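Here chain A shows up in two complexes: once beside chain B, once beside chain C.
Right, the complex of A and B next:
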């Protein structure tokens, strides 16, 4: 009798742990962010004022959107290293379009997002239906999309002065004291996190990444789910590209170069498992914040720029080790609970 | 005979592509087909080529190493410090070999012993090692290398115009052929890449083998660094930045399965030569860098797509994977 009660208790405990797995991970990310903030607040005098915190939030906003997009793909146990080139092509074409048609209004957003969607579909088709491993496929499209941008650009640049005024003003607009871009980025992360609990297609994204074989046995069309992840990643990155072009001084064909690595870093720091199936978009939001906090703190501390690379790199490795430590702990509890 | 052709059909295919690329380059530019030109530009395939060999071994075990170019940068910067301090070359080389082995061992430890995901971990160490290179060497580049340090990367054999660096490259290729295809270690790498837990149950130490693969790859980055400083005459923290994607392209196009377990060094060598031929020809024809990348990227994707759709006809060489039970991963 007592033995049975113990077993029930253990099961209840393991259930509680499994339910809180994601929360635990997000918590560890949040904890690192707070720890980082405290360190910088103690070492650099101007770090902890509202103005500077706003700068950090502003700088991490675009990264948050791109990293959330990347996370969608990573959760399906795939990888998209072409997001930097998607920013480049979608952003450059949208900028060229905006400069040529100054009165086109919201159409510019649609242009950027639909180009992103199209490029995401190309990636998704190659991976889901062409069976090309995602790192190989997107490595190829990284080069292809950038090359196409170069052809479209044909040696010209778009100065931001040629863009419609509302885009330039929109980049600096605030609502209740917060930049619009920041609110938008937070909204993207929150909506994805919220929908991830209930929206069937997002549940399937997690299911396919968690165990592709089992997902297929349960009747999920894994191909479609992977295609969906890549396509929506592309569309979100297209949106980020639109926001990006209204912020940079001159839009060149090199727009967004190397963003794939930073986005991946934010995803990994945010606790998304690179082996798929788990991760929270709130964590990704914090991951992006951590990266821009490190950037900002080091600038204020007048540390040479290259320390950033070192610390970021070590932080990524540390975050992965922490995540895997937590995961193994949970698995051990599960084993114990079953036995 | 038929069997041999079938087993190596991918290598034959890539070999054919090399010839096609050479013909194409000849038609593209009248300057291409010239021994001097070819030998001079062959320098461009060496430092990435040796890292490609090392990466093949790591990918063969089913892992990934994005940090190799960063290890190269740490080594070039260390060589610059050694040269500035007037250390004799053998001491400096011994130093960078030890450092490279240590950095490779860190990667291997994190991936193999702690079982962390390789792609994410080496993304981290890629940044960390690159930062380390800058921290050691500051942002200022070093160009005052001792002539003896630069010899390997800039000298030519006797009165000919054959670069000396082709010798270590050829030796490395031979060494990797032996390691991968004729040694116990290589067979273990194949076994682990095909099925790590089965390999483990059959008594192979997965941790030790993967650790070895990472350390050998890092060693190749150190060799690349020695070539690099002579070829470019300079050392700075951003050396070889951004070449990793090209190296992965060479390895994958060479028929090494990105999921591990299949591949040959011959294939990697041929695809390295293929990519070099293309780049050389396109460079001579004044085709802009991004367009060159576009063409190579398109070849990578269509190459893998074609081999997927043709199924049995053009196959990646190497031991076949056992039929998977259940549907394959998307």
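Right, the complex of A and C next:
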């Protein structure tokens, strides 16, 4: 085959790359995080100290939970762009409930999570059983859920002073020097990562995303699996909404606006394939950390706010472009059976 | 195999229709317990439909399927699997992002007391089954990294975790090397010794002769014969497979053309797909590409048209050589390719007939970039009349037309581009007999007018009626060439089912790991 040496070397290289693409993907996330940290550490004086790193972790905690929820849906080869509005509705109703029933304790968490679950079920039913493409269905519910929040809110806001004390304190509480919410977010990612290996239904989430056509042959009932993904996404986002309202000053009907974009950015940066079937929740945790590191670095570097949006957008498109390249390779190997 | 009176699977008077098309008609046969039973027949003989009914993917309209004497009414493939029927398909139905063991156990993972998957047991079991199959595959490796052969063994391993009574292998060797196929047959042999029945679908008749105990031949959706494999020769099998009559009123009469060579293909190769394909088509000549589904005919056509750029070789049109790189380039050179799936690839069904015909020539008929409806109809009318397209008006949406009329619109659309060469992929697939004859007549007229036509068809009678020359493609190479006079269905089928040792898999040599 012509130029032997060069061709063989090139083929070997490309084979090596394709063999390890999935593994490379996860490492590239970690690598970018480290690289980013080094860049900011060198360029921004107040960046690399324990206090600031704690701020970064704190800021990324909520995002981690929402992004892990989003990842569940993305792994099934779907999208949920309504998570921002789920935060809004679940959070606002929970806040209103908490303000009206001061002694209700843990019931507030249940309210937030149940509303999230309900909204997730609505999305899941529309996608899995209504056969509406997920991006369209959730774009619709993005508007619907927000609209309902406006109706429920009818122009009022809930100041955090009206919330029970324990919620406000809980938001700032620490354990062994780490904010509680950070530990919770890490726990969510770790538990999902663990269950993602061992829980049969979560393996099905991966299987359905990997090859929806084959799922039928395995009798996996893809519909149920997709519904499960959307519902658990909603419930987790409901949990995040509860955590969110405990720490913002005033809970407005605009709570959680634009979060879908940030969550999706964390998911793709974290190495979850938008074409489904692969992705790790630990990767998502790193993805959220990357975004929050960028945010923090830019603030410290006194960069204007719009840079944040710009970089977030570039990160999404870049990560997806990288990803579709990898996916093409996987499909190519799979089709022609050349390992 | 000793005579075994009890039958594992009995198919009794099974029929299945899709709309007006009868795919399987009153088929009955039986598979003995612990026997390898081959199911052979041409493309479209109804084998796949039959398999889908056995595995529960389709329900028969009539008749019954009995497993070990009990009637099966499967709602899904899972029901069939629970009863011990599993199928391994030619194209992998697996999960590329997951590892080998997970693919084997998906849906049936061993669980621990906690309800979580017992990974250690899963990987150990996978290892054990793969060892038993004699396949050296790491259960923890990603499926996407495995070769086609290994993936097929994974599918068989998957079948083995259940209590398997009937294993269906649908053209399992189509993409295997001879050595890999040999391994597969060993596995088939050991399964057979354990009493598993195997229903084996293959186009490779020497394989059938080698491993099958019994053979059932199907033709045109009907059962032809079931008999011990030893009572067949390859020739007699082919004889039973072919012999379909031409269900068209049109037979081309023109003498073989003596025009100049217009399309010349030289050494076209694409590793793993086809290899060293060379042939030419003269002005006024209709050349047929015959062969089995998956032999690489469509891929060759797509390469000539630039959809699937070849890695070596040239295409010359009127003597001007090029290496196809994109459809745009080949369109400009005068190649028109009409794909098999005309709705997906050739038409905008929401638009009217005239708009569709004008679609590819908009820049030519427009004025200052704008197109008037009347210009469109004026341009489209002669084409529509030539083809006798039956529709209320030229503006009728293509979606409202019958399959045959849609095909005519596609042909008209491409002819409007004034191509030099016409490539047709299954031009009459799925259209009714009368329209078929009209399409045949029109294609024949085009050729008579000096057009070179390259036609892919799995319909042997059609190939025989239409083509001046017939090239038979098998495993990505042209394995035989017949003139219209010498060609018979038997000769073509025999050539197509034969796997030459040398070209067993195109590109096998050049495609390192």
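Keep this in mind: the second predicted complex is superposed on the first by the 294 of 339 C-alpha atoms of A that agree within 3 Å, B and C clash if a C-alpha of one lies under 4 Å from a C-alpha of the other, contacts with A are read in each partner's own complex, and residues count from 1 in each chain.
Following the convention adopted for this analysis, contacts are C-beta pairs under 8 Å (C-beta built on N, C-alpha and C of every residue); 3 or more make two chains touch, one makes a residue touch a chain.
Predicted model, so just to flag it, every value in this text is computed and none were measured.
Q: If we overlay the two complexes on their shared chain A, which of chain B and chain C does A:104 touch? Say first, second, both or neither.
A: After superposing on A, A:104 lies clear of both chain B and chain C.
Q: I'd like to know which partner A:321 touches here: chain B for first, chain C for second, both or neither.
A: first
Q: Just to be sure I read the superposition right, which of the two partners does A:135 touch: chain B = first, chain C = second, or both, or neither?
A: Touch status of A:135: first partner only.
Q: Is chain A touched at more residues by chain B or by chain C?
A: More residues of chain A are touched by B.
Q: Of the two partner chains, chain B (first) and chain C (second), which one does A:198 touch, if any: first, second, both, or neither?
A: In the superposed model, A:198 contacts chain C only, not chain B.
Q: Based on the superposed arrangement, let me know which partner A:213 touches: chain B (first), chain C (second), both, or neither?
A: both
Q: Identify the partner contact of A:277: answer first if only chain B is touched, second if only chain C is, both if each is, neither if none is.
A: second
Q: Would you mind listing the overlap between the chain B footprint and the chain C footprint on chain A?
A: Shared contact residues on chain A: 213, 216-217, 273.
Q: In the complex formed with chain C, which residues of chain A make contact?
A: Per the stated touch rule, the residues are 1, 8, 11, 15, 19, 22, 195, 197-200, 203-204, 206-207, 209-211, 213-214, 216-220, 273, 277-278, 330-331, 333-334, 336-339.
Q: Can you list the chain C residues touching chain A in their complex?
A: 76-78, 81, 92-98, 102, 106-107, 109, 111, 115-117, 119, 142-151, 175, 272, 510-513
Q: Which positions of chain B touch chain A when the two form their complex?
A: 64, 110, 114-117, 119-121, 123-132, 134-135, 138-139, 237, 242, 245, 248-249, 252, 258-259, 288, 290-291, 293-298, 300-301, 304-305, 308-309, 326-330
Q: What does chain A use to touch chain B in their complex?
A: 76-79, 81, 126-128, 130-133, 135-137, 139-144, 146-151, 208, 212-213, 216-217, 222-223, 225-226, 253, 258, 261, 264-265, 268, 273-275, 304-317, 320-321, 324
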